[in-house]
């Protein structure tokens, strides 16, 4: 993950549950700051994500601690984890990081939910590649985080420049319906796209704006010829969404007309069940663009537990005192994670 | 909603789908910038939220347009909306705002999902008040947005300072399990809390850390006496979560010991069904603290459609050309929404 | 019902269960031919149909009997009947009609199944009219019987000349896809239709053969103008079938272009649930054309029981001896039903 | 299949959808009669039946065409076919056969529905043979078609002389309840049956008319001795229908009395599930007589598509232009199918 | 309830959980015997039964206590009780009754389960009376308790002399199948029954042993004439059990033959659902004889809690300390319940 | 099974259906007492129990018969039996045992129901042992029979002295909640238990009365040290019952404190599904104490049929005449079963 400095609201604790700030005030006044061990785990399982961002946050939080009082061990973004497995362990003075419990758990919960859903859909679609198209369902301040998590989960690309950059890729996209509507004709919009954009942007044209998709796909193919990289089928729900039959027919009509090189990208309300239906029907889809199944995934809840205080094993009722044996955890070099 | 300047990533379009940036490039090169009408609606229904944040964004985007070419009409945060009802209509040069379609839809989708889920749970709990405790499930950059949406949906409070401030309230909280663990005893932690914090912070004590809740509640009540505002029951899943029977018993034991003034706050995995179960069982809950049912709510998808271009009714296939009759829309005074 | 002479196979008994022919042979050899009462009923309920055809058959079978030994009482086509209600009672010498038990029960079972299904769908669609389009699912020798039963069940028209004639109506239809394909363009096919056919045939044009329905509907409306009576939406399953949204959009686009007079006929896989969905969505359908829900309806089984033999009450095990009180039965004037 | 001349209503087109007659009129007036290729397929799968009757119809329709303009290829009655497999292809002038599309599809739909249901039940019952007893549920004009289809599907016999003849067999039957009621006693009816009928009619006696089946079976066995071929159990629904236990008991009582040669035929509301229940219970059934599961089977819908017009590949939207590769189709020698 | 001395095993505590005997030994050795209040309640609800037998047991257990240290309050057999309602409260020295906790709870659990099931079926059958016929499903040492509970639940009679006596009634019965088999004919068995038994035993004859029930019912009616009180239909499962249709037919055939006075008793696998089916079908059943639905009813679990010890409110975790307000409880006069 | 004389009510027939007494009276008066064969079977299957008690009863009933007229064959307690398998066959004069049909069937039905349920739960728990704790749900007169049946079904112990004795074992138990409440503290109650009871009673202490189980378990372990055999977890439903997580935690905390020898016994609402959940979660349960799943098991219905009378095969309708081949039956030596 590309390093970014945590936001000022995160660092101030303003974005966290207020009772952590209050606990900090109490401990300060009472002169308490024990050396504690906190362990983070989930009752669910999935593909871990957000833990690298948490490492960045901790690298800032613990910057002034001595190395022996700032020991962080963790798994990494992209690792699969099991129910109740420890994914992050922090050994430090409590007041050095206690304020960030909400932030750390939130980074993990939301990104892990997205990465796990992405993995689910990538596995359903394999070997057909999947692109993340869910930016429109989440707040713009976290579309980059969403797209990064989708790529951690296995997507080969994402639609936002910010998200793609976070994962070290270029963004992926076609054209909006608005562009076609403004040009008033799909072929004219496609020709302008072809005229204007840099040659390294693949020519992928939306073909459902004005006419039947099969008819329009042929018109566009005749207009752009070999320069046409692919067409995107995004039939609206009012017209029954994209079906395997439609893909069969468009593929057949393109092939009959000599456009075997034109790829077919499918989007619109895709989930694992629908994707499996395309694959079982042998529909010739070249890639799937998936939105809400990933972006609408429920966060996967994480919990942070104190298991040791000043060397003494402890736990709240319902948990087992003392550190949990966790051989998969790796030591984290905090200085390497600190963003400038 | 408190005014905030949109983030630089939002304003640059980096957080949006890349094809909007490409469309902008094409239109610029082709010299096209028609006056268009875009309408935004959802296939779902619920409690609208995020539209006021969108107004702030538009107030920045359209800052240089003449008033007659920057007409925005909209509903407001907290309004209920029906399936396919228009919630926002923008009439302006396309290039003045086309780049922000992803951001606007994302603000609406996620906040409306949260506000609608909050409304659902608030209605299940009525007249018992509900507090938003979901910050730990979402990325710290949007916990304020989450808590604001929860309050728009009807919650009476929220746990993050940033979110509460956005809604013009003070944050609400008790104490973390960590504090109790560090003090090694619930009563000692409660006494420190009581000693240190400002008198206007209500004394609400967690009672499930070390001992049985009924036993601990009585110990705390004896220790703090009249100064104890309430206790929070948050029994872990390993101990069967909070049940109506537990509330009955704790209430009865507190009352028998003369602590009728101590309120009972319940948290832990609450959803409308469990809340209805508490109400049907006449369990004497004074407030519910709800996390993942709100914070894990699925975004409610919104769509933006061009319906008019340079005065001509138009629409993509599957939609009806021309503006939709929408008498509930109110004109938006953009200058009033611009954040300094 | 229009009178028709029963087929020779029916009159010979060849189309009936062979054991009736054998019973006839045995009784003849043994010199037995008692005066019996047979009652016909069903375990189901529904809209009776086929009983008028049974009256015609009995009018031929009993032609040589004395009036006092040929007493037939019955309900009529279109009557609703209850579970176990007697719908037909025959009092005659057994050998005069015993051979026709299979034929009578078969006429009742199949026609009643169709009429009952038609009634179900007509009630779901009310007040929108329904036309029977199911001829393609049944053998050509009974399409007339099917369409007659559909009209008895409440359909306002049917697609076969033979069936419509049986019910005293004109057949209803539009044009086959083949015609559009042969002309190579929907508008050209519509113009030829308009040129050639008698002015009393309503101009109803299929609009889904080549292009998107909304686009094609407008082209046809512009071509035929006021002479266009309606368009038929019959979107294939591969394109998601007709949806309420499609009807909304086509209606809106026709109205916006000034073709408010053009009716919309919907067909394709309709059943009561889908029809209710159209009505609940306020889709402006002017009539529904229904096929397999009616033509594929399961026959409703009827049973014929001897209840009296030479004046003695009798019954097989499981039934109650003697005639059943049946005040709704009407005497049948056999001579009036005899076809020339 | 035995050859029969199509009915005059079929040949006139009166039993078909009226729009085929209208299309014919239009094409005639417009002077169009292209050489076309029509393909027939189903979205379902099953046991094909009715296609031989369609060959007879086409042999009459295309009688005046030159051999190179009347090329028919098809599967045969009894062939299994897959979803969307082509079962019939006609290459001829459109006007030579267009009028018969409804008739051809209807022959296929209804007979294939019956044959497929018969196959299903024959497979459930194997190796116990199944007889078709469903004539009483369908119109007498098609009982022969029903019984022929049942035999194509695997039944070893059928109850109507007309149907059995169509399949080249003798009809199968026992005796009606009416005969037993008229004789007033099962044994007396059985003795008359035995006295009168030709020795080559197997003596199968119904034993549920007056008394308990087990008691009556023994009485009949004692009366007819070695001449008794079998008994039929047809217990009415009011008495709980035939159960495996009843078959066990009747078999045991017959065997104990030395009538091991008497076969047991079971009928009454049989479907695959109930038949499997008999087989799993090891009930000694010698044959099953099945009615409504076969006769009430839903037609299996077929579709006819033009795929080529005057040598040019074509198709309506949703289908793939040009003939489908169909190696299983066999050329049809029309002159051999023409009935005199 | 008729008073009976508790069995010696009950009084010795041998039939109770051994830990009560051990607790008694410990308390004796430790010199502890506080004055306690025990309350008995259930998590279920229903018709209370067994509490009168518990009063008898307590009248023996507390015989030597002073009246002020032996205060028992309770509801009575036949009372309906709600979830968690107190049905029995004992205030006495613990060692005077602690040993009998198992016995008291067992009496309540099993009898209340039976009475509640009986009430359920009596309500389903109302106004048709129900007789308890379940003795064959429970151990002979408790058939009297079963039949008493069934009568408390609303049955009008029961089949065992011991059970009927406990409830103050005469037993009810017909004749066993064995008797009919030994006589070899239902009519001969019925005649012997009629000849031998006292005239005050109603003549109710089983009619399904050898022949069809309808036939046999008429034979018996002709044989006994006016002396026949009723017939019992008990068709075995192998013959489909008794159905409403069978009752209709037997009633009709009896009435047609002038035996309108003969009652019809139905038995065999009856539960509330099947009984409702008879009533909804207007089957003329005069009484139902019900076995396993009552005798197989699950015990309804009761719990005994100490709520006060030597005047101090107390309770185990999960319960509320101190006596529960229970205005429906009535003081029990123990001396009146003591059996001689 | 330990021999016990049948109760006087059983021997007098008072506890049986009255119609057997009446049949006896009729046969006596009519001078009939044939030599009959009765067979007993069930429509269910399971683990047979109660048949040894039936042998004792028959040993008393047939005491005066000649050996050749008192032939009993049977399976034994603990044998598995199949649907409709004969488990007991009696060949004797009918009047010698006919009166006991109700008692014999009742012994079999109830004990077999319990033993079969016990087997089901023992198999779910294997290899963890199961103890029967259901005495509190059944009448004290049959707790011995219940516990005997549970042990026949595979339980290793039972809680009542009477039941354990019947199976030749010692009873098993811990301490009641009442004892803890009277001592006012779990540790004090445990110490008294330890002080008073014989050393061969294992020290098993209930730990859920006053405090959280984990806390209390440690306190008790510290108090009794090596003398502590085990603790019983019996968390009430109001506190969520015992969960695998609780067992994990208590085990871990005991082990951490050096009390690895202390066993964990789990009780409270256990059924096979919950037990499987403990095993699948690897919860370290040392034994399960099971109550209502066994004690509330539905009786398994048995039927007695006369199959031969004076050497003649016979049967009621629905059954097959004559003795059934039953090679597993063993001759019963009645004199050996007679109790003194």
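Letters A, B, C, D, E and F mark the chains in the order given here, with residues in each chain numbered from 1 onward.
The working rule: a residue touches a chain if its C-beta (ideal position, glycine included) is under 8 Å from a C-beta of that chain, and two chains touch if they have at least 3 such contacts.
Quantities reported herein were computed from a predicted structural model and do not represent experimental measurements.
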Between chain B and chain E, the fewest steps along chains that touch one another: 1
Most distant chain from chain A, judged by the mean position of its C-alpha atoms: E
Chain separated most widely from chain B, comparing mean CA positions: D
Interface composition of copies chain A and chain D: same or different, split at half: different
Intercentroid distance (Cα basis), chain D paired with chain B, Å: 65
Whole-Å separation of chain centres (CA-atom averages), chain C against chain D: 22
Residue list for chain A, restricted to those that touch at least two other chains: 210-212, 215, 237-239, 245, 249, 317-319
Contact graph of the chains (line, ring, star, complete, other): other
Touching pairs among all chains present in the structure: A-B, A-C, A-D, A-F, B-C, B-E, B-F, C-D, C-E, D-E, D-F, E-F
Interface residues, chain A side, partner chain C - complex: 210-212, 215, 235, 237-241, 243, 245-246, 249
Touching residues (chain side chain A, partner chain B) in the complex: 6-7, 9-10, 13-23, 25-27, 29-30, 32, 34, 36, 38, 43, 50, 94, 98, 101-103, 105-107, 109-111, 113, 133, 135-145, 159-165, 171-184, 192-193, 195-197, 201, 208-211, 236-239, 292, 295-296, 298-299, 301-302, 305-306, 309, 314-319
Residues on chain A engaged by chain F in the complex (per definition of touch): 313, 317-322
Chain A residues within the chain D interface of the complex: 212, 214-215, 245, 248-249, 252-253, 256
